[in-house]
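Input: structures, listed below.
The following pair of complexes shares a single chain, subunit A, combined with subunit B in the former and subunit C in the latter.
And now, the complex of A and B:
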């Protein structure tokens, strides 16, 4: 790595020359991540980062995040879907601002709740790509519940990806074969696929 | 008879065995040097599985300044900067070790079935060995900053590794949306909010709307309840 790096003792940050930032974006990313970790370590106060236990999870931040979640749910119930999506968005951004050495499991649980609700709000505000992204991430995070497959399936249907929607509903049904909502949605999408193929009678 | 045998004894100089040992040793040393040089050359030709480890280079750069006796107060990095750099190095080492563990069964299977050659399999083994050495080096470095920190170091580095992966995934969401909109030719923003997906027939549309009403609202309530319970 032949990049001229500079260390500033005052800010305790590393920096790259402007020209180098463009040439080696990966080094820039590493330097930025290191600087963030340094800031978080200094802000934490202890000489080494604390172990990632539930006790060391930032409680103040949890309270703020919980408030945002409740606000979002309230707005959703009142039919203010745009407002609700906005609240969930801020919540997700806040979760991403937690210190990197906090418990991953705790962060994952918080994020799961927000993504589920944001996907619903996005479906209501017709942001189907956003809803698909959220539901897809939820499934990627191993939150493989029938509800999440339903979310991704509905988003896929409304995006015109009928085969993907069918696969999602069927996968959801494999977890809960008696799920009435999934069954109805599956019937609708199967009809749609027949229609698209010109086989609809 | 004794006289005859006595005559046959050849006088050997004291230098002969020494010369013999000397020649043998020289041959051995030359062979060893050449063998090692060739081995190093072969190792240097190995194409690494992973790209350049920037976290490692950054740490070495900082360490050089940290241990430099001529460094001034301004140029000497703070101890927390060193610890953070070591943590970042640990994070990358964990990420690479996890990746290697993940691909190990595939490599073994492919090698057993003869689908990859000796060279590629040796590359993989070399990378695994190298990673092991890197982890040992990190442990040693860790002990220089605080005795006993190593017990906490790797769990913390692992959390950082997972949290960073989660943030990377979150940060890539907008880019994913753009890619999908091109892939699926779904340009809602460009068509003034009109849904690009073919509108469902009236009966189905109503059915979907009804379903969505049923699906979404209780889901939010449910998650809220779940959180309250948690």
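And now, the complex of A and C:
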């Protein structure tokens, strides 16, 4: 299939026809990514962006993000889970707005923190799919802590995917065999699987 | 023109030449034809001989699709099975062979073949004395002077010839010169004249037909030969070893290489990939409009068992079956490529998709186990609670009817009997084993432990059970041990796996072709959730299904119970360093839902307590120390670099405190692992050292 791409010399942006965006979402994504990179490259001012180091990491942004994070935790503590999830959401969006040439190490750390907290908030607000996505993202980013498996496992359990939940708990336990929380959750889900099978031991 | 060659004008040799060439072609052709008939034999009749097999198919169940499937299979079979081109070629070829052998061959005298022992009719090991006495006896019988007078001339001549032969043979065995001649040239008279001949009559070479012969040769060498070699090579070039089109393999490889690690792979996405394959595209290029959309529509009709046809769709019913029949092969190809990439998620999703295609069940929702049964009403099933076959058997008849949406008693009976015969696995024990090492009484390792750098395999002990069976019988530990015979010690994996009967053909009435049931075993490393190299080859094909016939009570009591064993060979040796290595073992059935196995399995590497291993232990310890130090350093530096303060909160803190330390740690780990990925993660300690030293510098 051929799709005409338009280039605007003034803004230096590529664009897709409206109807094509719907048919080929992957191309749309790639065009958007390209546009973002070009935009940030221009905004950067110099020919080549500076090498990403912890020193030139945008500290102002870090402060704002930290504030959002603390706000989210505060709301969570007070039991305002909806509010807390919203705060974390804004934080994630803000992290996404960091320039792409910055040290990704730092961005990843911040993002990990937010995703973990947001997954917890989602679990509390019964947005299990959102919690699953966040936990899955964390594990996909190789943040393989027992807690992340607990998050994805609980999300899976609440979504009714008992077999997946069991696999998650078991993988979590392989990193920390003595984790009490995982062990109890695993037992719960194993019982649930037996019950669903109409079986008993 | 005087010829140096003798031609075969009498037809002495050319028939033999033709016979040789013909048999060269005919014998392999006949064998392959025979094998095809043998293999395509009716699966139901084969299943009848296998205990616990399901003896139903679309015809016996009288399903909606019976006519179309039978038509499809008939087309595949009868035309392609017995009376195809190969068949006619074989018949004509053998007829030609018979004709030539019977009428065209002239019996030639094998003058050259001279064997004194045969002529004298004695054993090759006879002593000289025996030779002499035998010769004397024969010469008395054949001597021209001693012949009876009333013989005809012809008979006389024959007798005389015999006498000469006997004389020669005798000489060959006794006289020095003749004996030497016999030994060196194979004939007592010395070297025989060597003739060069051409195995065709003269007219073809020097007569008026010589031009014809040239044309034949030209066609053969210039036309037929290049064509055969060319088409063979073309096939080699366009298809992989497993019969996957090269473009399809490239497409799958590209899709997998481009796969985003943050995206969840769904069966539908994989189906999309498969539909873009060269096989499907070339099969469906004649379809109107957008073939891709038509193909997806047809497949979806198959997956949802939709047989309410519009006029247009009837036309494509055969195409649907042809496409569906192709899918498992393509999915298997995808699984194979994905297992080279070691993508667990793709392999598992593809296995599920394969089952969906085979059973005609949608890949979404949680009701596949129930939906794979015949006669069920999908609308009713998805509205109720029962999702598993096991649960179904805890209900009474009325509830079962309600759950399945079946109102007819006989139909319910059939559906339940099929459900009962779906073989489930209950794992009793699964461990890494090195034969001969786990004898604790004699100073060996405790069971479940393996020595470092050894050739281990996974041994799974399990019961085949029906969903109808509940709980698990008491099994004596002794029953779970393998008898360590000599054959077992030599090759534990094949010896054990092949000691059981082959699994029957899969019950799959909605799927147009037949295949045997089996389980594929995958070993996944828990550390990075990737397939361990070389584990995808494990196939469980031989299992006794005798347990399915047991009643509930017999099963719980363990009466007449068969314990099965499956062994998976590991291609890489166990890690060199002591410690625990965690894996996840998944067995995926290729046809039925609900009989997969997914268990964690730990490999404990331990040094056996024998003096010979001591030196190695030290070395390993030292390596482990270096490794440990490096890890700690890594953590420290990263920790101080993070500038986010500790949260004070309690409920969240439980998670957050851990995640802070954890996230820092794991991001460092993540990097390490990415670097190691290429080298395979079977925990080679040496790769660990390399990465660590790099970090330190």
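One rule holds in what follows: the second predicted complex is superposed on the first by the 160 of 201 C-alpha atoms of A that agree within 3 Å, B and C clash if a C-alpha of one lies under 4 Å from a C-alpha of the other, contacts with A are read in each partner's own complex, and residues count from 1 in each chain.
Keep in mind that, in the parts below, contacts are C-beta pairs under 8 Å (C-beta built on N, C-alpha and C of every residue); 3 or more make two chains touch, one makes a residue touch a chain.
None of these values were measured; they are calculated from a predicted model.
*Asks:* Touching A:198, do we find subunit B (first), subunit C (second), both, or neither?
*Replies:* second
*Asks:* Give one of first, second, both or neither to describe whether A:113 is in contact with subunit B, with subunit C, with both, or with none.
*Replies:* Touch partners of A:113: subunit B and subunit C.
*Asks:* Just to be sure I read the superposition right, which of the two partners does A:147 touch: subunit B = first, subunit C = second, or both, or neither?
*Replies:* After superposing on A, A:147 lies in contact with both subunit B and subunit C.
*Asks:* Once the two complexes are aligned on chain A, which partner has more residues of subunit A within touching range, subunit B or subunit C?
*Replies:* Of subunit B and subunit C, the partner in contact with more residues of subunit A is B.
*Asks:* In the superposed arrangement, which partner chain does A:12 touch: subunit B (first), subunit C (second), both, or neither?
*Replies:* first
*Asks:* Report for A:87: first if it touches subunit B alone, second if subunit C alone, otherwise both or neither.
*Replies:* neither
*Asks:* What is the contact status of A:62 with respect to subunit B (first) and subunit C (second): first, second, both, or neither?
*Replies:* So A:62 only meets subunit C here.
*Asks:* Shared contact residues on subunit A, subunit B side and subunit C side combined as an intersection?
*Replies:* 66, 69, 73, 76-77, 108-109, 113, 116-117, 120, 137, 140, 147, 150-151, 160-161
*Asks:* Contact residues on subunit A for subunit C in the complex?
*Replies:* Touch list, subunit A to subunit C: 54, 62, 66, 69, 73, 76-77, 105, 108-110, 112-113, 116-117, 120, 136-137, 139-148, 150-151, 160-161, 163, 166-167, 170-171, 173-175, 177, 196-201.
*Asks:* Mind pulling up the subunit C residues that touch subunit A in the complex?
*Replies:* Residues in contact with subunit A: 261-262, 264, 366, 387-388, 390-394, 467, 470-472, 526-529, 580, 582, 584, 598, 600, 602, 641-644, 647, 649-652, 655-656, 658-660, 662-667, 669-670, 673-674.
*Asks:* Residue numbers of subunit B touching subunit A in their complex, please.
*Replies:* On the subunit B side, the touching residues are 51-52, 54-55, 57-58, 61-62, 65, 73-81, 83-85, 87-88, 145-146, 149, 152-153, 155-156, 159-160, 162-164, 166-167, 169-171, 173, 176-177, 180-181, 184, 186, 188, 193, 195-198, 200-201, 204, 207-208, 211-212, 214-217, 219-224, 226-227, 230.
*Asks:* Please give the residue numbers of subunit A that touch subunit B in the complex, ascending.
*Replies:* By the definition above, subunit A touches subunit B via 1, 5, 7, 9, 12, 14, 26-27, 30-31, 33-34, 37-38, 41-42, 47-49, 51-52, 66, 69-70, 73, 76-77, 92, 96, 98, 100-104, 107-109, 111, 113, 116-117, 120, 123-124, 126, 128-130, 132-133, 137, 140, 147, 150-151, 154, 157-161, 181, 184-185, 188, 191-192, 195.
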